[in-house]
Amino acid sequence: MKKAILLIQCPDQKGIVAEVSRFLYSYNGNILEVDQHVDVEMGMFFMRAAWELDSFSLGKDEILPRFEQEVGQRFSMEIKLHFDFPKPRMAIFVSKLSHCLFDILGRHHAGQLDVDIPMVISNHPDLKTIVEAFGIPFFHISVTASNKEAAETHQLRLLAEQRVDFIVLARYMQIVSGDFIRHFPNRIINIHHSFLPAFVGARPYHAAFERGVKIIGATAHYVTEELDAGPIIEQEVARVRHHNNIAELVQIGQDVEKVTLSKAIKYHVERKVMAVGNKTIIFY
Amino acid sequence: MKKAILLIQCPDQKGIVAEVSRFLYSYNGNILEVDQHVDVEMGMFFMRAAWELDSFSLGKDEILPRFEQEVGQRFSMEIKLHFDFPKPRMAIFVSKLSHCLFDILGRHHAGQLDVDIPMVISNHPDLKTIVEAFGIPFFHISVTASNKEAAETHQLRLLAEQRVDFIVLARYMQIVSGDFIRHFPNRIINIHHSFLPAFVGARPYHAAFERGVKIIGATAHYVTEELDAGPIIEQEVARVRHHNNIAELVQIGQDVEKVTLSKAIKYHVERKVMAVGNKTIIFY
Amino acid sequence: MKKAILLIQCPDQKGIVAEVSRFLYSYNGNILEVDQHVDVEMGMFFMRAAWELDSFSLGKDEILPRFEQEVGQRFSMEIKLHFDFPKPRMAIFVSKLSHCLFDILGRHHAGQLDVDIPMVISNHPDLKTIVEAFGIPFFHISVTASNKEAAETHQLRLLAEQRVDFIVLARYMQIVSGDFIRHFPNRIINIHHSFLPAFVGARPYHAAFERGVKIIGATAHYVTEELDAGPIIEQEVARVRHHNNIAELVQIGQDVEKVTLSKAIKYHVERKVMAVGNKTIIFY
Amino acid sequence: MKKAILLIQCPDQKGIVAEVSRFLYSYNGNILEVDQHVDVEMGMFFMRAAWELDSFSLGKDEILPRFEQEVGQRFSMEIKLHFDFPKPRMAIFVSKLSHCLFDILGRHHAGQLDVDIPMVISNHPDLKTIVEAFGIPFFHISVTASNKEAAETHQLRLLAEQRVDFIVLARYMQIVSGDFIRHFPNRIINIHHSFLPAFVGARPYHAAFERGVKIIGATAHYVTEELDAGPIIEQEVARVRHHNNIAELVQIGQDVEKVTLSKAIKYHVERKVMAVGNKTIIFY
């Protein structure tokens, strides 16, 4: 069964659900999922609708123009149309810490993550053997203070060649440039190892230890130019105790990081995320 | 703002969302919430839609017949229509254990629970003073092996006089009869102090202790004639350790019970629950 | 069964456990609980030991001097000795929000909180009736910009008259002065309605909403002169979603607040908390 | 720093902690961790003590006999003495489902699991490449109705040759025989994909789906001859909703399984587990 997914936002007004569902029905669409959200303060309406393509009487390329003409223009809609095929193409950036990477590769291997992974890019060669055992190409692009711009150019070329749709920073220990980010707006997912907005920046487990918190967390978010300030996709937490030293916080936290990141990837892949300013709507 | 809530179930087919939303729009309804669920195995479609009544051009009593005629008959729908006014009338049954009762009364006092509470009925007099301090009438109806039927008759009369819509068994330590249950089908919510289906029946904390589980739980469910087997509305759990004795399991568990029961009540009051056979759909 | 509880801290060195347990055994003490913690960075040792008093051959007043002489001096120990009788005397400060107060009163009524509660002090009269129905004296002391010092003097006099051991700020919407705090060092427990250190200060639920976090929390901590910066005793969290408005965050958060505060009170009452600088050791 | 760990059980009586800690101190032991538990109903005392070996004045082989003579006999103790070197040798049994296996291998690769893994044994060849990429020997031993006894003999020979200390059944889809289990009493850890004692036996996710539970779980336990009835080491849960079909329950559950199993392995490796009858004491 093939699926189309429509993401809509527009000023809130009556009749939107009726018109969208009428449109889908008029072309013989079987709605599988429909979710809506009204942001009362903004006066904005958001909607996600998924339907079966097999019986649908419009061709893939006809849908968007026809929808804009019949429905979108009238409601001043901002529209995104996705299909669940071909699979989105995801690149993974990693450094030496392997826990998030292996978690993603494991899920992919088990058929739980509906993406193609054309590459893992790392600034260290360490994880090459295992990545390749999973059948994924591995590119080692070292990054230094002096070659950073060239490295990003190299990365961008590989990403373009492989038509990568979005990037996952799986504990990639480099800050990516604003220029790089602008190539992938709301299409770079980072995992930050704290419960944001607590402990922004470097060494959050050390900061959590110093403050004596009883719970630590991790935050998956879209990367924006302001560090650790992008729209939050998912957060998870774990309990810690006074006897846990920093090494143990790191270890407990890594379990949280990998679960949080994998959930965020899944929401992104299933087109369940709408980023609106600094926040996200997650239609799960 | 007044609200109407429609709960629908029917055989799954195309066009249902379109027709329901067209109906609401055609009478100038502003949809606030819409959720749907398809049970693929059963081939059944379930939907909840809530909309503002203030601008709606049909009167309260016109809605259901008009909807049945225009939409319901065509899709063979089973329909329930609710309004969020007047508030549902909830009776609480309790014995001596006060934790669930006080939790409910506290929420009600804080304006978090949109119900009227015309009565607390108890088979013990102990909690009378505090219940009345919350401004709620308290009825002591003792229950013994010999007077059980008369007691239920007395209870049913009070419930009828006060036009009670649904009943919460807040650790009411009596088994209610099948006859009593049939007066309130899927309208009696019980809290069972285990993570069902584990530890059905009496003394679940003792059973949990004997088995050496590491997590205990509580289950809020609609009461059916088979003990502890009704549709589950909500479950919650808490971690326990080897050093927790049964008294501590009870205490830890009571916190879980009250949270679980209050969530279930809230879902029920907001008409977010559809019971289907032995299961529930919760549109939260 | 009566119980004595010893809390010790001293520079880490060998033989401490041996000497403490030898001391208790030599006077026929039956150890019920023993926990230790070594802070490797500080080079400090912390210990909690609880034992049965009934068979103990030292009188209540003999224990501390004898322990200091036989054990404490040798290891340069800082020692606190508590007994589980008479019960600690706890005052509750509250404003209008009742959820934490009612949760505490409910637990106390159910026999789950081993304290005496000689008073509830509030800057508003609203909760008087219910507090008194629980059999607890209620004092209304209004606080304004101009009478704040006098109000605290009044409060301190009541606390002294009733020999109050510690204070719980159960959503008391007034900042207590440094002078007041110095009367109860590490003996005032506050509940802050955020997951500290995120969202320090006023209106944390609004701040959480603005940031778009996916999890909110509450923090129980000892009050120090720096706002929301005292040693954290307990934290809890709850999941929120994009559709939760601020009123819903408040409601979800209040459930977290009351559970967190009650856990912190319990740890404090059972003498399981050692505050060390800005952190706590919780021997649960 | 090398570490010794003593696990003791004996009838409860006074002076045990004093005597154990005196013994360790008298040979210049620095206690790192000490935990105790009294089972009041059984009248039994349990203790775990860990201390630094480097400064200890008894040799590795002298400790146990000396301790038995000086302390153990007097209190009728059952004693186990472990060292944290050499690392315990763990075999992993797996079938086709890879999530638990990869999680373990990932942790081991990251240095989080202090074991040697001399072998992965599988009744299917599928996971060979990836296991070997992690540097772990892989043995394919197919199991059929007719060769089961021979297969176990083969397994036992490999386990003996490699001096394996304990076995992890990482979703190994075969029932191991009583004879096999008797070679590794309380040294085979299984992960069952339900929250035991709910849904014992085959296809627990199907059973959970049928019952309409709102939370699913996983249970790590020692394998005993009665199916799914051995001492529980760890349990975890995850929330599910009415719209999750069985495939989704499986996927959500697999995340719970791998976390639960890895925690259980960690407790076992760190000698924090004491199995007593059908229950465990976990000194974490």
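Going in written order, the chains are labelled A, B, C and D, and every chain counts its residues from 1.
The rule we apply is simple: a residue touches a chain if its C-beta (ideal position, glycine included) is under 8 Å from a C-beta of that chain, and two chains touch if they have at least 3 such contacts.
Going by UniProt, the chains are A, B, C, D = Formyltetrahydrofolate deformylase.
Since this is a predicted model, take the numbers as computed values, not measurements.
Novice: According to the touch definition, list the chains common to the neighbour sets of chain B and chain D.
Specialist: Chains that touch both chain B and chain D, as defined above, are A, C.
Novice: For chain B and chain C, let me know how many angstrom lie between their CA-based centres, rounded off.
Specialist: A distance of 36 Å separates the two centres.
Novice: Please tell me the distance, in whole Å, between the geometric centres of chain A and chain C computed from their C-alpha atoms.
Specialist: Computed from C-alpha means, the inter-chain centre distance equals 42 Å.
Novice: Mind pulling the residue numbers of chain C that touch at least two other chains?
Specialist: none
Novice: Using the contact definition from the top, classify how the chains connect: line, ring, star, complete or other.
Specialist: complete
Novice: Once bound in the complex, which stretches of chain A touch chain D?
Specialist: Chain A reaches chain D through residues 97-99, 102-103, 105-107, 109-110, 112, 129-130, 132-134, 251, 254-255, 259.
Novice: Where on chain D is chain B touching in the complex?
Specialist: Touching chain B from chain D are residues 37, 40, 195-199, 211-215, 217, 231-237, 241-243, 245, 278-282.
Novice: Using the touch rule from the top, collect the residues of chain D that touch chain C in their complex.
Specialist: Its residues touching chain C are 14-15, 17-19, 21-22, 24-25, 28-36, 38.
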